[in-house]
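Look for chain A in each of the two complexes below; its partner is chain B in the first and chain C in the second.
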Partner chain A sequence: MMQSVSAQNRKRIAKTAHFVGLFIAMSIICIPGLWIVLNSFRPTVEIMAKPPVWIPNELNLDHYRAMFGGAGEGGVPVLTYFRNSMIISITSTVIALLVGMGGGYAFARYHFKGKSAIFVGLMVTRAVPGVALSLPLFIIFARLGIIDTHFGIILAYVAMNVPFTIWLIDGFMRQIPKELAEAAEIDGCTRWQAFWRVEFPVARSGIASAGIFAFLTSWNEYALASQLSRSTTSKTMPVGLLDFTSEFTLNWGGMCALAVLMILPALVLTFLVQKHLIAGLTFGGVKG
Partner chain B sequence: MKRFKMPPWLVLLLPAIIILSAVVLIPLVLSLYSSFTPYKLTRPESLYKWIGTFNYEKALGDTKFWAAFGRTILLLTIALNLEMLCGLGLALMVSKVTRGQRALRTAMMFPMMFSPILVGFQFKFIFNDNVGLVNNALQSLGITDMAIPWLVDGKLAMFAIIFAEMWTSTSVFAILILAGLFAIPQDPLEAAKVDGCTPIQSFRFVTLPFLMPFIYIAMAIRSLDVARAYDIVQIMTNGGPARRTELLWTLIGRTGYVDAKMGYANAMGYISIFLAIFFTIYFFRKLTAARAELGMGV
Partner chain C sequence: MAQVHLKNVVKKYGSLEVVHAINLDIEDGEFVVLVGPSGCGKSTTLRMIAGLEDISGGDIEIGDRVVNDLAPRDRNISMVFQNYALYPHMTVQENLGFSLKIAKFSQSEIDAAVQNAAEILSLTDLMDRKPGALSGGQRQRVAMGRAIVRHPDVFLFDEPLSNLDAKLRTQMRVEIKKLHQKVKSTIVYVTHDQIEAMTLADRIVIMRDGHIEQIGTPLDVFEHPVNTFVASFIGSPPMNFLEAQIDGGKIILQDGTALTMPAGYAANEGQKVTFGVRADNIMPQNHAMPAGNNMALVEMEVSLTEPLGTETLLFAELAGSEVQAKMLNPRPVQNGERLTFEISLDKCHIFDAQTGNALKAQ
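Our next item is the complex of A and B:
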């Protein structure tokens, strides 16, 4: 009798510990982001208040208004940055996907000499730290005159995204049985047709998630963009974030507002593909 | 006229190879060359002066360089191990949840979509000694009266950086390990239970070996962009206070762009590139080995 009670207690304690642990972990994950969102709606006075104001008295859109208000009164040309970010991220993603589809298909469907060596070689190019790469890229781009252009940054981002896109698409392609395309070829399709009509529709969701991964990488990149862009003609949002800092002061509220603007597209896209993302990463790696 | 016909796989791979050579390989060759010159951005003609391994010798004899190098290794070791352990813990906890697990998994991906630069700025704000969340909370709870100088004190700043780094990357581990936990076949676990294994034993000898490939995938993915810490550190402390959080990458950036000593920066850059490649190849090898052990390598 006593034993069963203590066993029950132990079970209860374990359950509570599990719940508390999970709660703490999730709070640590969620609170920093939510705090940024909250602060983007609070007036600067309240952010700076001492002692701190815990329950916001007033929420307004001042920071957003100032942000979109243009370069006039301490504002940052956010819309231009947003447009630059969009153009650069979308273009580089599309190109990286096309290149990655070719590469991924080659790795998944063909056998050739030095396959794994080429594969590791491609991956290694991704491991080169952005800062280290930005030094020579800066020199070359400056010579070619493509510093501070969309083209230059897009070029750099395509190269940055291609290895990972290949890895993901290769993983997805492997899951599609070879027989499917072979059957289509027997029925009179060329290999090219077999790919577009049969394999591509099956792999579409996987390719989409590779695309979103590439998009997020370009959208969030800083180390290269900060050196390859100089002015509003090509500055992206992560670089623009620094416009809110000056030597001694920081416009926290404004920064928070821009941060929210940066997170929103990323948030939506990630939710759309989260399932495929996990599947892609694990299958690409485990069964590869 | 005889035409050379390329095999189809080469045609398919060619665009990738061309782009990567143009944007990564050629610049790296240039930077290798310039690391043997005293190249300064302000004096272009210095690119043509060959000084041999002087830059490398200078770097190897530079205490600032070694301090940054050691700190980078230390940060990576601590951060990667902690991320792995926390990720494992988080995944185990989430896998036990029966209701609302989808929502939890979604929330877990939250930090992954934050730009590293944003993470840096966010934690700069949170650890701010004056208006930051951490100090405000500590003071409101009456734990301390002082404003703890999180980002001003060298040791605390390092802690804050590791915390920020962990915040972004733990979920990568957690999500991949969670995927592994779901893929575990139930038979061996039940067999272990029948044979009288304690939960800890069956975790250690059945679950963990099965999870290893997943852990190595996460490590491999992480090792591809270990240098992400650059963005975070750049924003949070910019290598300060007094270079106490200077990492290899911030040192390279400063030497190259602020001091304009491109040749010297490239020499140090090469050392950091080898470090990154070493990490990547190491984890990809571990991954292959773990895969072979489970018989998934075919």
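Our next item is the complex of A and C:
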């Protein structure tokens, strides 16, 4: 009897410890984000206050209003940046996914000469920090005349994402028994049909998660984009954040407001595909 | 309606040859089982017939077409895989109808054919489930259903029962045999299990290391194995082998025991041989051994018993080798008991000690 009570107590303590641990971890992850959201809604004085004001006295939409307002009142071309970001992220993701599907499929299904060397080579490209490449990229892009174009940034992002999508999709494809495609071929499919009607739908979740990762990488990228874009024709939202800095001041409130607009689509997207994301991350339940 | 012919078919992976110029003629409607130990090239052979592997040499004919360069979809075959390979994103209904859908049959034709196959394999209650929600035996039946829907010329089975538990395996074995009687198509079936081979086959093809060792009906390969490999592979328990020499018209075992030689081996006088006899042909005296006119009597000490109900396997030692004998209508036997055994010499086999090939009686 005594024992079972103490066992129950131990269980309860463990549960509480878990909860507290999780709470601390989540706080560390979430508070900066929430702080940004909070700051975007309150007056600059309160943002700058020392010591920090935790509970806001007043919430308003001033920063948002100013951001969408004219250039004189601290406005920035948000919609243009948003459009640039969308075009660049979606296009580069789609291309990286298509290449990743082709490459991942080939790595998973075919034997060819130099396969492992190519694979390792692809992964090594990820070891080079993007910033280190920004100057050479800038020079080459300038020569080619594709600085400050969507095309240039998309090109850079595709190159950045392709090794990753290939690696992920190769992993997912490997888990699909090759007999599935063979069964489809015997059932009358061409190799192409077997891929689209059987292997692709089965790997869908995995491909979707690869897509999310590629999209978020492009959507949030700052270092390269800041070098490769000059004006509103190609500036993305992360680069646009810098519009709130001027020689002597930093418009924290405006920056936070733009950051919130940046986070929103990523959040929405992640929610939309979370089912696939989870299925993709726990891939392997395809036996049968 | 199709025969299958393999003519000098070779398979190489790079420089490694895994199937060596095999020849095999399969009749229309015949149930042929390829059997052999793991890695002997059964699956490779089957996959070459299916068109899933290129052939490195020779010809494969299905019906009267040479199919060497035809894609699997143009061969009018269907295949059941060891891991079933059901499409996990489709329901049973869709799995069954997939091949017809690809072939652009009308929906009503597809439904009718699927319904028919589902009835044959009692799948009608499972039509809306996905493969993930089926038991092993049910998946197995769906895989077979998917194969029969199309009325192919040839069915190919690659170890379809090896993922099932023993009881279900016996049950499905019967279903496969019934299915063959119903659809009457040519079947090529791969297994490493000799019991499956014996029970299912019209003809058995025994393979080893990429070669065909023997082709014959189940009784044929059981009663007339061409070498010690086939003799030990087919039949359970495996055949007993004893080193011996033919001397003075007798078979002399290593310890000097002399057994009367069956007729027809006079020409092999003096030769070293392997004497083979199945457990079924070594029985304790007075235990229902069918009468033969050529019986040898030996006394052996029983070292171990395996009671199986209708019979008991007895392990004993003869001329320095362990042999297994059978006792029908068993009575309890103690370890260490000495019994007199009868060996039916009419049913024994004599192999060349060097090559392992059966010696022909003249």
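The rule is short, and it goes like this: the second predicted complex is superposed on the first by the 240 of 288 C-alpha atoms of A that agree within 3 Å, B and C clash if a C-alpha of one lies under 4 Å from a C-alpha of the other, contacts with A are read in each partner's own complex, and residues count from 1 in each chain.
Basically, a residue touches a chain if its C-beta (ideal position, glycine included) is under 8 Å from a C-beta of that chain, and two chains touch if they have at least 3 such contacts.
Being a predicted model, the structure only gives us computed values, none of them experimental.
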Superposition on chain A - do chain B and chain C clash or fit: fit
Partner chain(s) touched by A:V202 [first = chain B, second = chain C, both, neither]: second
Contacts of A:I186 with chain B and chain C, given as first, second, both or neither: second
Contacts of A:M26 with chain B and chain C, given as first, second, both or neither: first
Chain B versus chain C as contact partner of A:Y81, first or second or both or neither: neither
Which of chain B and chain C A:A259 touches, first, second, both or neither: first
First (chain B), second (chain C), both or neither touched by A:P177: second
Chain B versus chain C, judged by how many residues of chain A each one touches: B
Angle at the Cα centre of chain A, taken between the Cα centres of chain B and chain C once the superposition is applied, in steps of 10 degrees: 90
Touched partner set for A:F213, first chain B, second chain C, both or neither: neither
CA minimum distance (chain B, chain C), superposed complexes, angstrom: 15
Intersection of the chain A residues that touch chain B with those that touch chain C: 285-287
Touching residues (chain side chain B, partner chain A) in the complex: 7-16, 19-20, 22-28, 30-31, 34, 86, 89-90, 93-94, 96-97, 104-118, 121-123, 125-126, 130-131, 133, 136, 139-140, 167, 171, 175-176, 178-180, 183, 213-214, 216-217, 220-221, 223-227, 230-231, 234, 249, 252-253, 256-257, 262, 265-266, 269-270, 272-273, 276-277, 279-281, 284, 287, 291, 296
Residue ranges of chain A touching chain C (in the complex, touch as defined): 177, 179-180, 182-190, 193, 197-198, 201-202, 204, 285-288
Complex contact set, residues of chain A against chain B: 18, 21-22, 25-26, 28-33, 35-36, 39, 47-48, 50-52, 54, 98-100, 102-103, 105-106, 109-110, 112, 118, 120, 122-133, 135-137, 139-140, 155-156, 158-159, 162-164, 166, 191, 216, 219-223, 227, 238, 241, 252, 255-256, 259, 262-263, 266-267, 269-271, 274, 278-279, 281-282, 285-287
Residues of chain C defined as touching chain A within the complex: 50-52, 71-73, 77-79, 81, 83-89, 98-99, 102-103, 130-132, 134, 139, 146, 150
